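Chain lettering (A, B, C, D and E) follows the sequence in which the chains are written, and residue indices restart at 1 in each chain.
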Amino acid sequence: MLDIKNIDVFYGDVQVLFDVSLQVRPGEIVALVGANAAGKSTTLKTISGLLKPKAGEILFHEKNIHTLDSDKIVEKGIIQVPEGRRLFPRLSVEANLELGSYPKRARAKAQDNLKNMYEIFPQLYDRRHQLTGSLSGGEQQMCAIARGLMSMPEVLMVDETSLGLSPLLVKHTIRTIKEINELGTTILLIDQNVNYALRIAHRAYVLENGRIVMQGEGNSLLEDPYLRKAYLGI
Amino acid sequence: MNKQKKGMLIGLLIVTLLLPYLIQNEFYLHVLTSVLVYAGLASSWNILGGFAGQLSLGHTAFFGIGAYTSTLLYVYLGISPWIGMLVGGFLAVIVSFITLYPSFRLRGVFFAMVTISFGEVIRILFVYFRNKTTIPYGVTINYEPSFTNMIFDGPMGYFYVSFVYLLIILVISWKVKNSRLGFFLNALKENDEAAQALGVPTSASKFKALAISAFFTAIGGTILVQNILYIEPESAFSTSISTELALISIIGGIGTVAGPVIGAIILIPLGESLRALFSGSVQGLHLVLYGVLLMVVVLKNPNGIMGFISSFNKKRKKKREVQLEEVPDVRG
Amino acid sequence: MLEVNNLVKSFGGLQVTKKVSFEVKKGEIFGIIGPNGAGKTTMFNQISGFIKPDSGSITFKGNSIEKRSPKDICKLGIGRTFQIAQPFPKMSVLENVMVGSLLRTKSINQAREKAKEVLDFVQLNVPYDTPSSNLTISDRKRLEVAKALATEPELILLDEVMAGLNQTGVKEFINLIFELKKRGTSVLIIEHIMEAMMTLSDRILVLNYGEEVLTGKPQEVANNPKVIEAYLGDEIHA
Amino acid sequence: MILQILISGILLGGVYILASIGLTLIFGVAKVVNFAHGEILMLGMYLTFWLYSIFNLDPTYSIAIVIPIFFLLGTLMYLFVIRPSLNAPELTQVFATLGLSILLQNLALLLWGADYRTVKTFYSNTAVTISPEISISVSRVVAFVTSLLILLVLIIFLKKTYIGKAIQAVSQDRSAAMLMGISVKRIYMYAVGIGCACAGLAGALLIPQYYAFPTAGVSFILISFVVVVLGGIGSIPGAIVGGIIVGLLESITGVFVPELKEASYFIFFIVILLIRPNGLFGVKGAGEEGAR
Amino acid sequence: AKESGSDGKSGSKGSEKVGVILPLSGPLAQLGNEVKRGFDIAQEMVNEQDGVLGKQVKFAVADAPDSNSATSSANRLIQNDKVSVITGSYSSAISFAASQVAERNKVIFWEQGAVADDITERGFKYLFRLIYPASDLGRAAANFLVDEVSPKLDMKTEDIKVAIIHEDSSYGSKVAEGAKEVVEKAGMQLVASEAYSYKTNDLSSTVSKLKSLKPDVIIACQYTADGILFWRQAKEAGLNLKAMIGNGGAHNIPDFAAAMGDDANGIFNAGTSSNFNTDGLDADAKKLYEEFQERYAAKNDGNLPSAHAAMGFNAMYLLLKEVIPAAGSFKPEDIRKAALAMDKPIGSTIVGWGVKFDPKTQNNTLAFPMIDQWQEQKIITIYPKEFGLTEKVTIPLPEWGNRANVGK
C-alpha cells in the first residue's frame, strides 16, 4: 500500500538517498535498519513530505503522495513519530495528545483514544497536566508515541522507537506496537536495537550509505551472517 | 588575514582618507560623515546585539547620555567635549550596568522589550528632572570652531573625527571577534546552558560586551551632537535611534565586523536620497518608499548583505526543503 | 573524589531526589540506572550546578559545590553532557569543541589544536568545518562528549550518550570510555543499554522514584529482584 | 476622588486591553512579532471614520464590515511579510514589520493627510454620573466590555477548537506540527488574520474616544507589547490583568506626577520581568527545557 | 529636489530657489502641512505677479520630522539646491537645528512659527523670526485673564483659583512659565501647574485632580491630540470652569471644534488669528487677507485657513514681496540688511502684526497674539478691540451642554 520507488533525496547539494525503493504492505510491520547516518530518518522524512525527492516517486494506495504537503499526507493516514520526539514543550501532556488527533479522521474518537493511551502508558496519565518540556527523556518518548497513535493512522512510522527507554519499557513498547499492528495498523519502524526490530518485523530493509543493500523477512535476516556481524557484532 | 586582503584594506583606508578632497560638495561630505558615525554607532551596538546576541533596543539611552553629558559639561562648565565624551562614555557604562545587566536573563524579543522600556524610562526621567532645573528643553552649542571645542568650520573636521571613531571601534570589534571573548559570546548566544556547562563565564562575557558597546555608543552620541550643535531629549533619547542602529546591523549582516559598515553605507544615503527626491512632492511618499524598500531588503536578505556575500562565496544554495533541524530547540 | 550526601530535590509537590548519597572514587566508572523518570538526569543537573538541591551536600575534591554555578563547577573539573545533545548549531564542529578547550587556554591556536585532538579521540569523522546542525544523532553524541572532554575534566558526567547508537557504535563508545578511564578520568554514567552498563561500570547505583534502591557491582545489581521488577523486566537479555 | 481614580484606571486598562487584543494572539500565542500592530489599529480607525462620514454608519455597526476586511488584510500581511520571515532570524520579522509600519503610517499620510479625524457617536464624550464626584465614561465602558467579550471568545477558541490548539502547537515546533497533520501555512494565516481583525476592531471601538491620524498607532504599540508580556506570554487572562495594572498605575501616578505616568508602568514592567521572566501568568517550564 | 508651484509665466527670466524646511511627516505633520499650504499660496501669487526680481520662485522642499533630519536637510538645501534663504519651520526643535546650519553657512533662516524663546537668544546674524516667543504668548493669555476675564467673574482677584496645564516640551513649558509669572504677580491663587507628555493616551487623572482642586480658570498649552483628549475627559468628568484659555496648539484649529462640537464654544485662545476684524488692517493688508482666504478656500474644499496657514503665507509673502525686492538681490547679506531696515506698522500684515526686527535678537517686535473665543463652533477674534469681530463675549463659561448660545 506504501510504495517507494527509486527515490533520490538531497540536503542542499549533498545526496543522501540513492535510488531507494521499498514497499510496505497492509498489516505489516516493516523495519528499516542500518548504521548511523545511513539515511533512515531521511527516508521517513521524505515519506512524511518534509523533504521532497529529486527523483523517483512515492505511492500510497496507488496514488502519488510525494508532491503533497505533509499535512495532506497525514490526513491520508500516514503519521510519523519523529526522532527526538519533538513534543510541544510548553503544552501539557494532554494537550500534546489531543493535537495528535488533529487529522479530521481522528477527531470524533479523540476522547476514546485518549483513554486508551492512558491505559497503555499509565505514567502519562499521572503527568497529564505537566508541560512536556519538563518530562524525563523516557516520558517524552512515551508521549511522542502516544501522540502518533492518537491520529489513528493507517501507517505508523516510528523513528527510534526505543530511544531512551528503560529495558522494561522497551519491551512494553515493542509489545504495544505489536498489539497495535494486530489491531490493523501498518507499521514502519526504525530502531537502533536491530535485535528488537528484526524480531517483531515481518520484513526488513537494510540501508547502507543511502542505498538499500539487503531485504528480507525479519527472522531470516536475523540469521544472516553479514548482518549479524555488521549490526549485532556477533 | 592574508596579504591580498590586507592590501585591499589599506587601499580602502587611503581612499576613504582622501574622500574629503575628492568630494567637494559639503552636503555629500556631511552625509558621508553621517555614514561614518552611524557605522560606528551600529558597530558598537553590534558588539552586544550581534556578537552576544542580546538584541538591545535601548541603546538610545547610552547615545543620549553621551550626547547630553558632553554638551552640558561644555555649555555650562566649559569642559572640552573631548573630555566630556569620555565622562559620558563612563556614565553610559554605569547606567548600562544598572539597566541592561539585570535584563540579561531575558532573551530575544523579551530582552528587546525590556530594553525599549528602559530607553523610554530614561527619556521620561530626563525630561522630568530637566523641568526642575534651569537647563532649557533644547540646548544649543555655540558655534565657536576650535579643535578643543570639537567644533569645526566645515565638514572636513567632522569627517576625520568620525573616521577615527569608526576606525577605533572597528579594530576593537575585530579584536573581540577573534579572541576568546568572541568565542564565548558566540557560544552563549547560541546556547546559554551548553555554554555554562563548558565553563563559559556567561555573565562576565556579556558584561564586557555591554561595557564596550555602551561606552562607544555614548562616544558616538557626542560626535553626532557636536555635528548638529543642538540637543533636546525628544531626539537624543528617541527610540528610533535604537531601532536604526539595530537595523543598520541587520541589513549589513549582524554579528559580523563589516556588517554595520555596509549597512550604514546602504541605509543612510538611501534615506537621504529618498527624502531629497520625493519629500517635496507628496507628503509621506519618501517614507512609503523607504518602508517598502526596508521590507524587501530585510526579507530578501535575512542574513544581511554579509550573509549574502558569504553564502555566495561558498556557492551554497539555499536549502529549499523544510528541515526538522531548522527549529532551534532540537531535542534528540 | 565526588561525594553526594543526603541530596533532596522536589519539583512542586513531587520529590525527584530523596536523600540520595553516593561516592565516586578517582578513576572509577560509576553507573546510574533506573526507570524513566527516576531522577537520574535531575541528579546530574544538581551535580553540575544547573539545579540547586533543596538540601544535602555535594563535594568535589574537598570543595562543596552544591551552591556553585555551572561554570565554576566546570572549572573545578567536572564536565557534563546533556541527554538531549546541545550543540551550538551555527558553529562548526571544531568551533563547538574550541569553546570547551578555551576554558584552559587563552590562545585561539592552542585551543584549535586541542579541539582537533579531542575530535579525533572521539572519532567524530566529519570535516572540522561541518555545521553542527547537520550532524546525525550519533555524531551529535560524539560532539557532546568531545565538548565536555575539551574542558579537561577530572570527572565526566555522561547522560545516555549511547542512546540512538547501533551496536557497533555502542562498542566503539565503550572502548572510548575505557580509554578515558585509562587516562585517569573518573566517569559518572547514565545509560539504559544494559550491555554497556554491565561491561563498563565498576559500581552501579539504582534509582527508583528518586530513591536509592541499591548500589553494587554490576552482577549484584542485575540479579537483584527489585531491580528486575522495576527496571529490567523478567528476561534480562532480550 | 480616590474611587474616581481607580475607576478611571480600570477603564483605561480596558482601552489598553482592547488595543492589545490582536497582539495577544499574534505575539502572545503565535509568537509572531508584529510591530505594525499599531498601524493596523490606526487603519481600523480610519475605516470606521470613513464609514461614519460617508455612510453615517455608527462605529458599533461598522464592526461587521471592519472584521472581514481586516481579516483579509491580515491574510495579505501574512503572505507578504510574515511568511517570508518565518524561517529567518528573529530580528528579520521585527524589522520587516517595522518596515510595514513605516509604510502604512505614511501611506495614510499620503492618502488622507495628517488631520485629526474624529467620530461623534451618541455616546462619545458622555458619561454616567454616579455622584458629583464620580462619573463613568460610556465609550470606555463599551470598549472595556467588548474587549472582555472578545477575549472570552479567544480563550474558548484557543482551548476548545483544533485550530486554536494548532496555533499554539505551530508556535512551539513548526515541523512537529506539520507531522501532526497541521497545515502550518494555513494556521499562521488564520492567526495573523484573526489578530489583524482584532486590531481593526479595536480601532473601530477606540475611535469614539480618540482620533484617526497617521501616527495614531504609535502611542499604542509599545503599551500593547507591555500589556501582553507583562501578563504573561500566551496567557489571555494575563493580558487582562496586565492591561488593568497598566491602566491603574498610569492613573494613580497621573495624580501625583503626571510627567512620570508613562515611566511608572514601564518600570513596573521591567521589575516584574526581571523577577518573573515569564510575566505574571506566563507559562513556566520554558527555562528548564535546556537542561534535559 | 522636486520643485512645486506654478510654471514660469512670460516675462520672467529664469527662476530662483527658496528652501523650505517643515515637518511634513511624523507626529508634527498636521500643522507642518498646514503651514506649507500657506507657503504655496504665497508662492503662487508672487509668481503670477511676475515673480521676485523678475524671477519665478521655486521651492526646494525638505521634510524634517525631527531635529536630526533638519540638520542634514538644511545642509542639502544649501549645498545642492544652493538656496540663500531657508524658510520654515513651525517646530522649535527643527528651527534650532536647521538654523545652526544656516548660520554657519551664512544663509538666511526665515522662521515663521517656532516659538521657543531661546531660538533668537543665540545671537545669530542670519536668523529672523516673525512670531512672538512662547513666554510672551503665555503672558498674553494670563494678561487677558487679569485684564478682561477677572473683572467679569464677580470675585476678588485673590480668590480666583487658576490652574495651568501644559505639555512638557519646549513649547508648553515656556508658555506656562510666562503665564505663571503674570498670574502670580496679579495675586491670584495658582492651585496647580501640571505638565505631561503630549503623547499621552489618558488625562483622566489630571482631570480628576483638577476637579478636586476646583479651579475657576484653566490656562492650557496643548497640542492637538492631547488638547482634544483633555477637553473630552473634562466633559465626561463634569469639570466645570468659569474660563478656559488655550495657547495655540489644539485651541485654534478646526479639528478641535470638529471633535468637540458645541462643547468647544466659550473657550478662549491666545495666539495668532486668522478670523478677525479686517477693519483693523490697512487697505492693502485687507485686500491681501481676503485674497488669501479665497484662494485657501478654493484649494481646500471651502475650508477656512487656520492661523498656521496664515502665518505661513504671511512669512513667505513678506519675504518674497517685500524683503527680497527691497534687498535687490537674493544675497543673504542684502536680504539681511533689508530685513533689518524693514518697518511696517501694526495692521499692515494679514495676521494683524507689524514687522520690525529687534536689531539684537532679530525677533519681530511687532508680532502679538490676539485673543479669540469659540462661538458657534467657529473661532472668532475678540481682542484687541480693533481686531475684534464681536463685542459679545461670554464670561463665565456656561456649564457643559449649555454652550450652543455662546456669543449670542
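Methods note: a residue touches a chain if its C-beta (ideal position, glycine included) is under 8 Å from a C-beta of that chain, and two chains touch if they have at least 3 such contacts.
Worth saying up front: this structure is predicted, and the values here are computed from it rather than measured.
Visitor: Find out how few touching-chain steps suffice to connect subunit A with subunit C.
Guide: Between subunit A and subunit C, the shortest chain-hopping route counts 1.
Visitor: Report which interface contains more C-beta contacts, comparing B-C against B-E.
Guide: Of the two interfaces, B-C and B-E, more C-beta pairs touch across B-E.
Visitor: Among the chains, which has its CA centre at the largest distance from subunit C's?
Guide: E
Visitor: If you average the Cα atoms per chain, which one ends up farthest from subunit B?
Guide: It is A.
Visitor: What whole-number Å value describes the gap between the mean CA coordinates of subunit B and subunit C?
Guide: Centre separation, subunit B to subunit C: 43 Å.
Visitor: Report the inter-centroid distance (CA atoms only) between subunit B and subunit E in whole Å.
Guide: Their C-alpha centroids are separated by 38 Å.
Visitor: Please compute the C-alpha centroid of subunit B, do the same for subunit D, then give the distance between them in whole Å.
Guide: 30
Visitor: In whole angstrom, how far does the Cα centroid of subunit A sit from the Cα centroid of subunit E?
Guide: 75
Visitor: Which residues belonging to subunit A are in contact with no fewer than two other chains?
Guide: 11, 50, 70, 82-84, 86-87, 89, 134, 136-137, 163
Visitor: Mark out which residues of subunit B touch at least two other chains, giving numbers and ranges.
Guide: Within subunit B, the residues that touch at least two other chains are 124, 127-128, 131, 191, 193-194, 283-284, 287, 322-324, 329-332.
Visitor: Give the residues of subunit C touching no fewer than two other chains, as numbers and ranges.
Guide: In subunit C, the residues touching two or more other chains are 41, 50, 82-84, 86, 134, 137, 164.
Visitor: Can you list the subunit A residues touching subunit D in their complex?
Guide: On the subunit A side, the touching residues are 48-50, 69-71, 74-75, 79-80, 82, 86-91, 95, 98-100, 102-103, 107, 131, 133-134, 136-137, 147, 151.
Visitor: Contact residues on subunit C for subunit A in the complex?
Guide: Residues of subunit C touching subunit A: 11, 33-38, 41, 83-84, 134, 136-139, 160, 163-169, 171, 192, 194, 230-233, 238.
Visitor: For a test of understanding, state which residues of subunit E touch subunit B in their complex under the given definition.
Guide: Touch list, subunit E to subunit B: 1-4, 20, 24-25, 29, 33, 59-63, 66-69, 71-73, 75-76, 78-80, 92-93, 96-97, 100, 103-104, 116, 118, 122, 168-170, 173-174, 195, 197.
Visitor: So in the complex, the part of subunit B that touches subunit C is made up of which residues?
Guide: Residue positions touching the partner: 178-180, 183-184, 186-187, 190-191, 193-202, 325, 328, 330-332.
Visitor: Which positions of subunit C touch subunit B when the two form their complex?
Guide: Residues 48, 50, 69-71, 74-75, 79-80, 82, 84-91, 95, 98-100, 102-103, 106, 108, 111, 133-134, 137, 140, 147-148, 150-151, 164 of subunit C touch subunit B in their complex.
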